[in-house]
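Written below as structure tokens is the structure these notes are about.
Just so it is clear, A, B, C and D label the chains in written order, and each chain counts residues from 1 on its own.
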Amino acid sequence: MPWQTQDFAATSGPTPVRESPLGLAVRRIMKKPSSRVAFFLLGVIVLVGLLAPLIAPYNPSAQPDIVLLKDLPPSFAHPFGTDPYSRDVLSRVIYGTRLSLTIGVLATIVSLTVGVAYGAVAGYVGGVLDAVMMRLLDAFLSIPRLLMLIGVLVAWPDFSVAALVVFLGLTGWFELSRIVRGQVLALKHAEFVTAARALGARRRRILWKHLLPNLVSQIVVAATIGVAQVIVLEAGLSYLGIGVPQPMASWGNIIWDGADQVGTLWWMALFPGLFMVLTVMTLNILAEALSDAHERR
Amino acid sequence: MTAPLLSIRNLRTWFYTESGVARAVDGVSLEIGAGETLGIVGESGCGKSVTALSILRLIQPPGRIEAGSIIEFEGKDIVTLGDDEIREIRGNRISMIFQEPMSALNPVFTVGDQVAEVARVHAKVSRKEAWDRAVEMLALTGIPDAESRARQYPHQLSGGMRQRVLIAMALMMKPALVIADEPTTALDVTIQAQILDLLVDLQKKIGTSILMITHDLGVIAETASRVIVMYAGEVVEEAQVDELFAKPHHPYTEGLIHSMPHIGHDQDRLNVIPGTVPAPTEWPAGCRFRERCPYSWDLCEAEHPPLYQIGTSHVSRCHLAVEPQRRNNPHPPLVVEKGVAAA
Amino acid sequence: MLRYIAQRLIQAAVIVAIVAVITFVLIHIAPGDPFSAVMDNPNVSEAVRQTLRAQYGLDRPLPEQFVNYVNSLAHGELGWSFSHERSVREVLGSALPNTLLLMSVALVGSFALGILIALIQVARRGSVTDHTLSGITLFLFSMPDFWFAILSFLTFTYWLPIFPVGGVVDPTVHDYLSLGGRIADRLRHLVLPALTLTLLASASVARYQRAALLDVLPADYIRTARLKGLTERQILRRHALRNALLPIITLIGLSFPALLTGAFFVEKIFAWPGMGYAVVNAIGTRDYPLVVGGVIIGSILVTLGSLIADLLYALADPRLRSH
Amino acid sequence: MAAMRHARILCALLLVGCVETDSSSAKGSGGTLAISSGGDPDALIPSLAQTVQGAQITQMLYDHLADIGDSLKTLNDQGFTPHLADRWTWSADSLSVAFHLNPNAKWHDGVPVRSNDVRFTVTTIKDSTLGSPKRPLITNIDSVATPDSATAVVWFHARSPQQFYDAAYQLLIMPEHIWKSIPPAGWRASDAARNPIGSGQYRFARWIPRAAVELVADTSNYRGAPKLSRLIWSIAPDFTAAVTRFLSGETDFFEALRPENLPDVAKNPTLRVKQYRGLQYQFLQFNLRDPANHDRPHPILGNRELRRALTMATDRAALVRSIFDTLALPALGPTVRTYPTTDPNLTQIPFDLPRARQILDSLGWRVTGSDSIRSRNGRPLAFTLSVPSSSKPRVQMAVLLQEQLRQAGVKLNVEQIDFPVLIEKVRKRTFDSWIGAWNTEPSPGSVLGSWGIGGSRATSGNNFGSYENPIFDINVDSALASFDAVKRRAYFTKAYETIIQDAPAIWLAEPLQMVGYHSRLQLATLRPDAWWAHIPEWSIPADKRIPRDNAPPSATPPPPALPAGQKTP
């Protein structure tokens, strides 16, 4: 009889990760022209932030002539115009890029840390603690993030940028922790974890070893969206007067500098706003492509 | 045999994917006579469902029916019909029954609505009349208390009931041809038999032809008179049902018959053909079944086998037709050897 | 179904209770006393100070403060707004209808617009129209609410003065107009802020709905519909949209926080005297009771929104309806 | 301390001014004046109102006993015109004035105005539970006697050239019958506060918070009906919205135009601009005492030479030019050019950066590190400048100053805080420096409250920087006691030059006021202390009226949506 006899092997649930899912995802999204453009633009924006001292044509806080050079509309000498203090708006936008991106990235790191920890604990421990933690999460999710930040920041008489970063981070981890919890729950019952346990490995170790690789692409998506959200929130808070303290320049702050004269000083709202929209757009495009790639995996 | 109802010649349906051109259907020809039941059998991925969808021009991008393919139905070439003309045919002259009775029904409409919709589209009748016809049809498919069942949503019906609904939908306009794509796969064994009986019964009442697509030779044995075996986008064997079971020629057909479950045997272990259907983007040169075949030899690699005439109405795409003695000396198929080597 | 509603109601109540705890923590987590600025503010009269002290009992031990706080919340008391010289409940109560009007117009508008855009895109998927609309919705989606509102305000009141500069009515003439005139006056003031919020909100609806439709299109029942001989348009409108609308009901619930946030900025920039305007002004005057009241009411709105969306979903989905 | 009464904190919005003058009998009344306003009034209770909107509206609703003349004379009763009192008589010892109330004067609810209303007003202002900001301003008033219902005798503690001014200018008379049953602590939150009953030429119609305040002409007023039949303060959320409403014609009048708006106003042929002298000066005040311990001098700013150097490092002309364009002059000192007692050529500390650096070097503040900030004994030359975040011009000023002082090696930390918080900090004297503005009163004597020794030592005094120089005080006192105009001016000059050289502040700007108005409006004199004083005389010719002018004159407006439960006057 030439026909072989085989066992049916049922496989389901998450599979052990063999190759880097992130690398796979990046390779996949880079096939799309829109992602390539977004990646390139984001790279340029990040470079602008990193190289701010080298490319800014003027000192962002210098006030060369507070009478003759203030409130100038865009020109060759000042492509983005000047502000009421005769400072060059282009240079301030370039330095603002640095600050806004830094705040976005740092706050997101805070969010990711808290989100992964919270979700992992809830999923791992399970039971009553899990139920309580999830209800708490529901409640957190019911408070609009901006409102929560307003509530905290208004109560705090004066705060530093570092505190702002922490607050922004502490209000941005709710969705992620849900995803992490789901993954932990799925992993807990996954075959290969059971198998590994049978081989004598400790469950907690196994979970950690497999959790992160399985989560990497989702974390990257959450981080990308998170940075975009923080940038927008920070600008919004600055616009309400409770964001980045004034002497510094962030995109939101530059807009605030011209906010009460926005009709005449339109360039002060337009250019930092465009930078912001561009950044957020590229981040959204990349996040979307990444999550598409993740779903197709 | 009179002029066939449907005649497919050299159908090629290719999909242009990121990883290359998938030649899902690659030169299939077949004919169905009026009132006849033709079975198509093969593993999943062999191109039988794509053949069925091609007949109704339901291939979505990136798939495409290649130029030169001909699907002649009632004197018209379906491949070149306009959108409106093909819609006139769908559900009206040719209809189809799917394997997943749950997902094939729209969860947010009542089943009666969904059956009636066919009549509303094609018979241009009033809402009321369409509904009445739908209820009538549902009753005909053996749904008890059809009037009230028609007011229910798909999730409220059992799998067998849903399949009856799909059948009612398919037969609503008394079409010339019904394509049944794995109509019983999702059902449990007793219901399977009922549904097949129903199909055969209705076929007699209405006089429609049936194209029965399945991976299950048992279904074929019960319903079809003639059968086509497909593998890797091609027809590999065609014969009358009795002949095929009695004297399968192609090694693939042989494998399929061997892998049929037999009552009384140990059901935990099934005989299966080793390996899987190769990816449609990279059909092997020569015989496409070569690597899974226990008889393959040099010729199979060197030359793509043509359809050899085996008997009066029996053809097979296997070089064994030339060297039949090789059937007596099977060897482990290449895939098995590779597997051993890999382990 | 009734059990589901009851369950969902209890869940919502639990969430609101937790929100109350969170706001209590917010009040006390800040260094010092959030009312210190208020307490020592020369503009705050002695009576108000006493009311505040009684309201928040800040000199009492924490557990007692908490009990008092919960007790007053349970009675619908949100404290005293010293910048308005009336109770927070009164201030927010009079502002809430305006916010609800703005939000509901924007909600209906954005879903109608978003679904329409998605239908156009999906009907012509892959075309230039599809890509252009995708670009536009992504652009709108990425735009900070306040920036878009500023641009829209500037464009249509300053550069092209078509619309009035904020407010719900023109207080200089409104009461002397005929009924029709008064309605027209209200509409004239509503159009720009509502449109701004609508556009902002419609972007995410369109993106979500497009994805939902594309998710639905490969479904077997769409193939069934095609098989019946329905036109693509009929399929999209009847079969695909009906199913893709189910996730959109969930989106209604999810979109409440964003809508509320958007309303805050739109209200501020268009002087729309709603809750957002009141709270944003309270930031400037450090009217903390009003800010906290806004946070609580906003959270209740969001919770109610998702509750309603869930119930709607249960009603719309025949699979859930019968359970 | 008599002079204490005169000064008042003012931050962007804070201003207390004066009253309407007599109006001739009005004919052809009609028309609506819509005023773009930057915020709600803080209160419609004259004894409590502090913001500019509160002052404007309460002064339309309520009356003084007598009003100051356009020349703003404050000596005795020179130039004062009768309002609630149609005449007054001085007692022989000048320690009291008997005001004889106009027999026709009635509250808007029909009750006649009586002498007990005057007494009630004074008593309640003096009641500490009310917390009236006017309380320190009428300390020289002892009491009010009411020999009969039409005569209110105001008794003073001491004879003073400005005692009449205190009684007439500072008091807006409130109706006792409305307020007596409400404890003063509960006034702000009372229903009566939202439906004020006054005796002025305009009566209250409604107040929709964050939207509008509407007044209508009191056609049967004892001083005659005003010419305009309606006044509406249309409240905008911010400056841009307020100015845009004016530019688009939604409102007729905007009181705070900035130079940047002039091109837009010029584009619109129906809009006009009018400038007038105000009574405001802005300054950066140093705290001369240690914020942590008031018994010690400030470790940096306590030094006179250092303060002088800071002033020298400040290019005040450029600063003023940058922020106000031509609409302000550098401030001379703690005074305004409007006063006839002010010499416009007062000797100033000149802008001289090299000299400033020299002085700082000689004081031991040297640049040592790489960051170009001076330090002495390891302490950097740095201090905080507090500004209210709500006032954009002041924030701008701070950022400009920060850069200018950096040139001299001084680090200025700009701190933006909310207005109430700033006021608190300033009152508690826990600041390093802040940017403030005084809206002075018609009397130049107000300077003692804000810069004199009394204002420094009294706990509630307004001399927040604790600048004390007896020579300054003596000269101001001599000036105030003098009835000779030339001598008076000479004393003031001496006083001003003393304080200027001591540099307790950098005197920044004296802004001109600029209002924008629609050309169909016919304005009357804009009084320096209160442009709105003569609104009852403003008019709109019948042929230039627009739909909003044609609201039925003195029609009773329909019940407003807010606040609920309003009594129709």
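We take it that contacts are C-beta pairs under 8 Å (C-beta built on N, C-alpha and C of every residue); 3 or more make two chains touch, one makes a residue touch a chain.
Just so you know, these numbers come straight off a predicted model, no measurement behind them.
Trainee: Using mean Cα positions, find the chain sitting nearest the overall protein centre.
Mentor: Chain C is the most central one.
Trainee: Name the chain pair with more contacting C-beta pairs, choosing from B-C and A-C.
Mentor: A-C
Trainee: Would you kindly tell me how far, in whole Å, the mean C-alpha position of chain C lies from that of chain B?
Mentor: Each chain's C-alpha centroid was found; their separation is 53 Å.
Trainee: Just give me the whole-number Å value for how far the CA centre of chain A lies from that of chain C.
Mentor: It comes to 23 Å between the two C-alpha centres.
Trainee: Find the geometric centre of each of chain C and chain D from their Cα atoms only, then give the gap between the two centres in Å, rounded to an integer.
Mentor: About 41 Å, centre to centre.
Trainee: Using Cα averages as centroids, what's the distance between chain A and chain D in whole Å?
Mentor: 48
Trainee: Could you check chain B for residues that touch two or more other chains and list them?
Mentor: In chain B, nothing touches at least two other chains.
Trainee: Which parts of chain A, given as residue numbers and ranges, touch two or more other chains?
Mentor: 157, 241, 259, 262-263
Trainee: Quick check on chain D: which residues sit in contact with 2+ other chains?
Mentor: 240, 244, 421
Trainee: Residue numbers of chain C touching chain A in their complex, please.
Mentor: 11, 14-16, 18-19, 22-23, 26-27, 29-32, 34, 37, 138-139, 141-147, 150-151, 154, 158, 257-258, 260-261, 264-265, 268, 279-280, 282-284, 286, 288, 291-292, 294-295, 298-299, 302-303, 306
Trainee: So in the complex, which bits of chain A are touching chain D?
Mentor: So the residues of chain A in touch with chain D come to 61-63, 66-67, 70-71, 84-86, 157-158, 241, 245-247, 259-265.
Trainee: List the residues on chain D that touch chain A in their complex, please.
Mentor: For this pair, the touching residues of chain D are 238-240, 243-244, 258, 260-261, 263-264, 318-319, 321-323, 389, 392, 395-396, 399-400, 402-403, 413-417, 421.
Trainee: Within their complex, state which residues of chain A touch chain C.
Mentor: Where chain A meets chain C, its residues are 135-136, 138-148, 150-152, 154-157, 228, 232, 235-236, 239-242, 255, 259, 262-263, 266, 269, 273, 276-277, 280-281, 284-285.
Trainee: Within their complex, state which residues of chain C touch chain D.
Mentor: It comes out as residues 37, 40-43, 45-48, 84-86, 94, 157-158, 161, 164-173, 175-176, 268-269, 271, 273, 277-278, 281, 284-286.
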